[in-house]
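The structures come next, written out as structure tokens.
Each of the next two complexes has chain A plus one other chain: chain B in the first, chain C in the second.
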Partner chain A sequence: MSIGSTPLKFRVTIDPERCMNCGRCVENCSYGVFRKEGDSIRINSRNCAACHRCIAFCPRDAIEIEEQPGDYRSHPVWTREVREAIFNQARTGRIILSGMGNAKPYPIIFDQLVLDACQVTNPSIDPLREPMELRTYLGKKPASLSLRPLPDGEVELRTKLTPNLQIETPIMIGHMSYGAISLNAQTALAKAVSRIGTFMGTGEGGLHESLYPYQDHMIVQVASGRFGVDINYLERGAAIEIKIGQGAKPGIGGHLPGDKVCTDISCTRMIPEGSDAISPAPHHDIYSIEDLKQLVRSLKEATEWKKPVFVKIAAVHNSAAIAAGIARSGADAVVVDGFRGGSGATPRVFRDHVGIPVEAAVASVDAKLRDQGIRNEVSIIASGGIRESADVAKIICLGADAVYIGTSALVAMGCRVCGTCYKGTCAWGIATQKPELVQRLDPETNAVQVENLIHGWTLELAELMGAAGINSIESLRGNRDRLRGYMLDEGLLEVLDVKTVGA
Partner chain B sequence: MCGIIGVIDRRRQLMDGTKIKEALASMNERGSGEGAGYVAYGIYPEYKEYYALHVFFDHIREHKVPLEDLLEKWGTIVHDEQIKTCEQPNLRKVHTPWRYFFRPDPTLMPKSTTPEEDIITHLVMKVNSERNGALIFSSGKNLGVFKAAGWPEDVANFYRIQDYKGYLWLAHNRYPTNTAGWWGGAHPFNLLDWSVVHNGEITSYGTNRRYIESFGYKCTMYTDTEVVAYLVDLLVRKHGLSEKIAVRAFAPPFWEDIDRMPAKEQELNRAIRLTYGSAMMNGPFAICIANENTLVGFTDRIKLRPLVVGESGDRLFISSEEAAIRRVDKDVGNIFMPKAGEPVIGRLYA
Partner chain C sequence: MGAVHINAKDIHYTQLNEQIRTIVARGGKEIILDNILGQRFIGDGLRGDDVTITINGVPGGDLAMFMSGPTIIVHGNADHAPGNTMDKGAVIIHGSAGDAVAHSMRGGRIYVRDNIGYRGGIHMKQYKGKRPILVVGGSAQAFLGEYMAGGLLIVLGLNDAAPVSERGVGSGIHGGEIIVRGEVEERYLGTGAKQEPLTSEQRAEILPVIEDFARVFTIDKEPLLAADYSRITAAHARPFANKYTWE
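Then we have the complex of A and B:
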């Protein structure tokens, strides 16, 4: 007891004037904050994760959650977070776990980039009146075309195109495995992507049988643990993604605790029930770029060269050179996952301190690939911290072909970004495998919400393009002229190859 | 705004510049007196074997020798002279235009399959990006660009455009927006055999520039039009596509139209869009491009800039305005307005 109790993170209060003792808060809280004692509801604020499930379900708006009601003596260096981390580790001697993406207050580059619009010298294009093309093809494109003129004046195409994924909006949903999120959550996402005409990733958790109807909109993942991978799985996916790294935890593997490995998950992942699912840090058959090339070719060979193969890396300092290596490996797309990318569970020290923002990574990857004349070899998919349609437009201007969203899609299903996913007791039924919590998430309702979100972003993207006098997304891609940096330093402007506002 | 006109005589009958000047000046409503220019094909028959390099010098004494040293490194200057000019009261002569007839030495670029063109391209890119008081603004054989900052009639009189006789002309009346009316920014833009005039603003310039620069071209003129010249050079000369297919890449059909095409055609058009997505041009434009035997005109995919075509015997006219065409030939027939994105191509008779 030498450390003792620390100040509350949250204080939960119930306004007795408003409360009608209905007990919904007690039912809904999965963290054990509320309990009924006779006619009153008792509160243990210390358990609160601020997931807002109670607030959302209180019919009388009686509940209030106050953040940091009491604090430590203020200190600019020894912040609350720093002190609590030390207390935590002094008690446990362990690595501190965390959820979601980077939580350090680093400046957000997206918020210091502004988009362009037409005035007078060229007309903006009204998407309500004119066609606006957001269709995107992901995969390898030829560097040039070989055409043979025919006697009738037409031409014959002699270049053979390799398989590409066709998406009607450049927004896809990233890889969140069954295990990291619930099957109901995955089902909701799957319904949404198949209605929109886009794709989602399975994550490294295999593909549950109930999702087979949506398999044409699934990108199956092959990660270092190879969970759920067999020929059946590979053949079901529309594309295959090799996961090398993840923005939330570059350089390390993953760990799904055994208590989450229920019967269903054990079948889908093809591991014994109750056993820890440990994905090693590196793939044990990839110790260099030429090994990656072999895996890319093996996966293509296994699926008869019918499917594009993507490679996902965490955005790190040397991403550009790594992406150039991947472009030469035969892969069809490189996924660059920035350091704001989320995770169900990741060591806090990695989440907050390793990797770089996706904006800078995509800018340098695109520049390097163009510099080497291999930009058509791979598509660039950006992920990690895409929060709104403007972020999508900006990252496409910086050179991305499409984006993966993760956290945004979860928020559309009710997630409040409380960052407690690693506890496995998500009250929203998203990051949990507890049946009573999972059943709270209705796949159909949530599919509509996710669909609405992507649809709304797509409409906004079309409006942004039209305002910029562009009617096809190809002309936005890599169009850094249509971006300006606002209060970005010279070094970053150079990396982004963007001029400052006013210039 | 900007006004453009192009004409090709398919029997190679020569036309002097008088009428083109009048036609261009008739579109002064579309200009601002800050830039005009002409290009004529077939004007140097006695030197037609050699690349005619037109250069703007800032100062003859300072900048001419370094340029000539560079040219001599890569080939032979067969002949050079100052381009004849005639001072105009409304045109300030800020550069001295010079012409060189130049023969590159193909052995100096042994790895290339088109060494002469590659040497010329290299020289143009190098000189124009270094900005060392010299700017090569015309580099084809048997053709020449004449341009400056001023009204069309003043620029024409300055260069004595009526003294040149060509079978193919392009001309441009500029209303500058993106960049100031400097001489290098006036149209036509030229590289090797290709010349371009353009009315509009290419909103995909950033994308096009990043694309074309990855093939070693350098955009140096501060204006969107030059990418068109380089893109044409890349797609037609280097990749061997026809002008028609190149225009298809620049202003492709919409996906909803492609989706309705027969399978073969669909496959071809999809391949063009996938391969050359970064070469696609967006925003409002009407463009005329020319080479020694072809005149091509096309607009953006939703036709946000005007383009009119007329025919008169062997001559094909393409212009922003019918009135301008009628200034050259008042009896012109078969006037029509091409559909958005569809090229109009005039070729010399074989």
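Then we have the complex of A and C:
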């Protein structure tokens, strides 16, 4: 142990004046910070993940958690994170696994974009008084329509339309698998999207049978491991999504360790209990855009061309060209997952260093598809780091049709973004499969909270649109004129196709 | 309903599959497809445990993908990934097949009389009563049984070539077994794969499969039953277990 122990990440203290020794902190902490010894509660701060479960359940506000109480000598280059990663790898010689999304303090483009509002020359619209059209259709739109007048004065539409997904708000919940999150968490999300009239993704974990009642609001995922994929699963989904990449780990696959594959997960993923679930980095039947086209068509063929097929890619340097290929593959939507997208477990080096922000990726994908005259062939779904309704409005202005939220929905269920998902001991019952922790998350209560969040954002979106004099989401989409860049450099303004503030 | 013939000349795969589905829905048990020339996705997602489809010609890629039940007999070669993510049923190929045969297959049987391309049996898995079987009469190319998570893959090397003499055999294998007649040169084994001679119990388990293969293709079974076999499996149950450390 030549390296010795490192300074505490968090110090937990209990104010003895306030504590009434009820022991709720002991019961609630799943990381082993608190223990009762006789009449007093002892604390091991080193185990703390700052998930705040203890704080949330302390009836007397007696607990305080202080971040980095004792720090290293400060240094702008050799940060605490850098030093601790070196200690870790010097000890283990392994790849560092982390949770949640990108933790580097890169500037956030969303926060350097501002929205427009009407003043004098065109009136703003009051959503209380006027209808605001937020309904969105995801999927292919015909390039032209062929109509034939009928003798009775009616008109017949001769163009064959392809199936679209109808969403009542451009906010969906992204793919978080059963395995990454608990069944109670998935159930809460499923109830919420069903009530709102939107959709959620299953992730690559199959579809648990208790979620069948919500299947009309589920997008089933086909990823490189093909876990849980059979014809029944494909037919159950409202749409099918091929996962090529994930913003939190572009270019690599995933490994669900065997110790997390319990009986129920084994059934849903259709693999033996306790076996590693390994999703290879590529789909081994897709080595080219032509192969992707074949997978898209095989899924459509299997489901008799009744379901839209989405393709999800991580936002990377050449996203625009890749998306143009996807648009020609027969896919109905491309999901662009930015480098802030979350993950239950991802190598830290990928989470923090690989991929690009969703704002730039979506803007360039939209521009490329328009340049090539194929924007109508695919919808664009943006995901990865959508934190509030303003982000939704801004990314739609940059060309997205809709968004997927992930972390935001988890936060609505109590997640404190502690980033310790990979340990499998989430005290909030979200990123865990331990029955005693999962049962803490009541699906119904949490469904209401997630529903509230999406409802609140939808109201705000309607207000933002109304203020900009826009009464239909169609008119907001790709409407870069309603955005201005604040302190963004010229190169980025060009990529976003947005003018600077004042211009 | 007796055997139903479809002349597939110049028919698009979607129309072809529609016709097949309609016949199966009406109770047809035996379908014969003539003049197949490159149509992909034949039998894609098709159900029907007692349905047999005979293909005269060369089907395109992803034959029997997601299929759950039927038997498909091909009199000709097949393109890439026959039996892709297949769940149940059988595919019998009187010829050779392309790359990624039985990709992610979860159940059922695939017999290929001659050779297969790269990545044969990649990521085959098994689950409860489902244990997929891929038997190749001839030889296989590189990355045979890569990422294999379950099932049984047998390569017999009947065409006077070694069953496999290219690299990456069982690379990343973490379940299931690859059986080859004779043995694979050690240098061709992929990361995480190990090779051992068959025990008599293991031999007793696979011989009925080989016998069935010989019966289906009317091959003399005796030399096959008398031959020596090697078994390639995961060197460690958790090949990725020691790769990571928590943040």
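Keep this in mind: the second predicted complex is superposed on the first by the 497 of 503 C-alpha atoms of A that agree within 3 Å, B and C clash if a C-alpha of one lies under 4 Å from a C-alpha of the other, contacts with A are read in each partner's own complex, and residues count from 1 in each chain.
Assume a contact is a pair of C-beta atoms (placed from the backbone, for glycine too) under 8 Å apart; a residue touches a chain by one contact, two chains touch by 3 or more.
Every value quoted in this text rests on a predicted model; they were computed, and no experiment measured them.
Q: Which partner does A:Gly258 contact after superposing on A: first (chain B), second (chain C), both, neither?
A: second
Q: Mind working out whether A:Cys51 is in touch with chain B, chain C, both or neither, as first, second, both or neither?
A: Touch status of A:Cys51: no partner.
Q: Quick one: is A:Tyr422 in contact with chain B, with chain C, with both, or with neither? Answer first, second, both or neither.
A: second
Q: Check whether A:Ile96 is in contact with chain B, with chain C, with both or with neither, and answer first, second, both or neither.
A: A:Ile96 contacts chain C only, not chain B.
Q: Contact-wise, after the overlay, does A:Val378 reach chain B, chain C, both or neither (first, second, both, neither)?
A: neither
Q: By the touch definition at the top of the document, which applies to A:Ile41: first (chain B), second (chain C), both, or neither?
A: Neither partner.
Q: Which chain A residues come up in both lists, the one for chain B and the one for chain C?
A: In the superposed arrangement, which is not itself an observed complex, chain A uses no residue for both chain B and chain C.
Q: Considering only the defined contacts, which chain A positions touch chain B in the complex?
A: Per the stated touch rule, the residues are 118, 121-123, 125, 130-131, 133, 135, 137, 141-147, 149, 155, 157, 159, 161, 164, 366, 370-371, 373, 375-376, 397, 468-472, 474-482.
Q: Can you tell me which positions in chain A touch chain C when the two form their complex?
A: Those in contact with chain C are residues 85, 88-89, 91-92, 94-99, 225-226, 229-232, 234-235, 255, 257-258, 266, 270-272, 275-276, 278, 280, 284-285, 294, 297-298, 301-305, 347-348, 419, 422-423.
Q: Quick check on the complex: what are the chain C residues that touch chain A?
A: Those in contact with chain A are residues 13-14, 17-18, 21, 40-41, 44-45, 47, 61-62, 65-68, 80-81, 84-85, 87, 100, 103-104, 106, 119, 122-123, 125-128, 130, 146-147, 149-150, 172, 174-175, 237-247.
Q: Looking at the complex, which residues from chain B come into contact with chain A?
A: Residues 177-178, 200-201, 203-207, 209-211, 213-215, 238-242, 245, 254-256, 264, 267-268, 270-278, 280-284, 301-302, 304.
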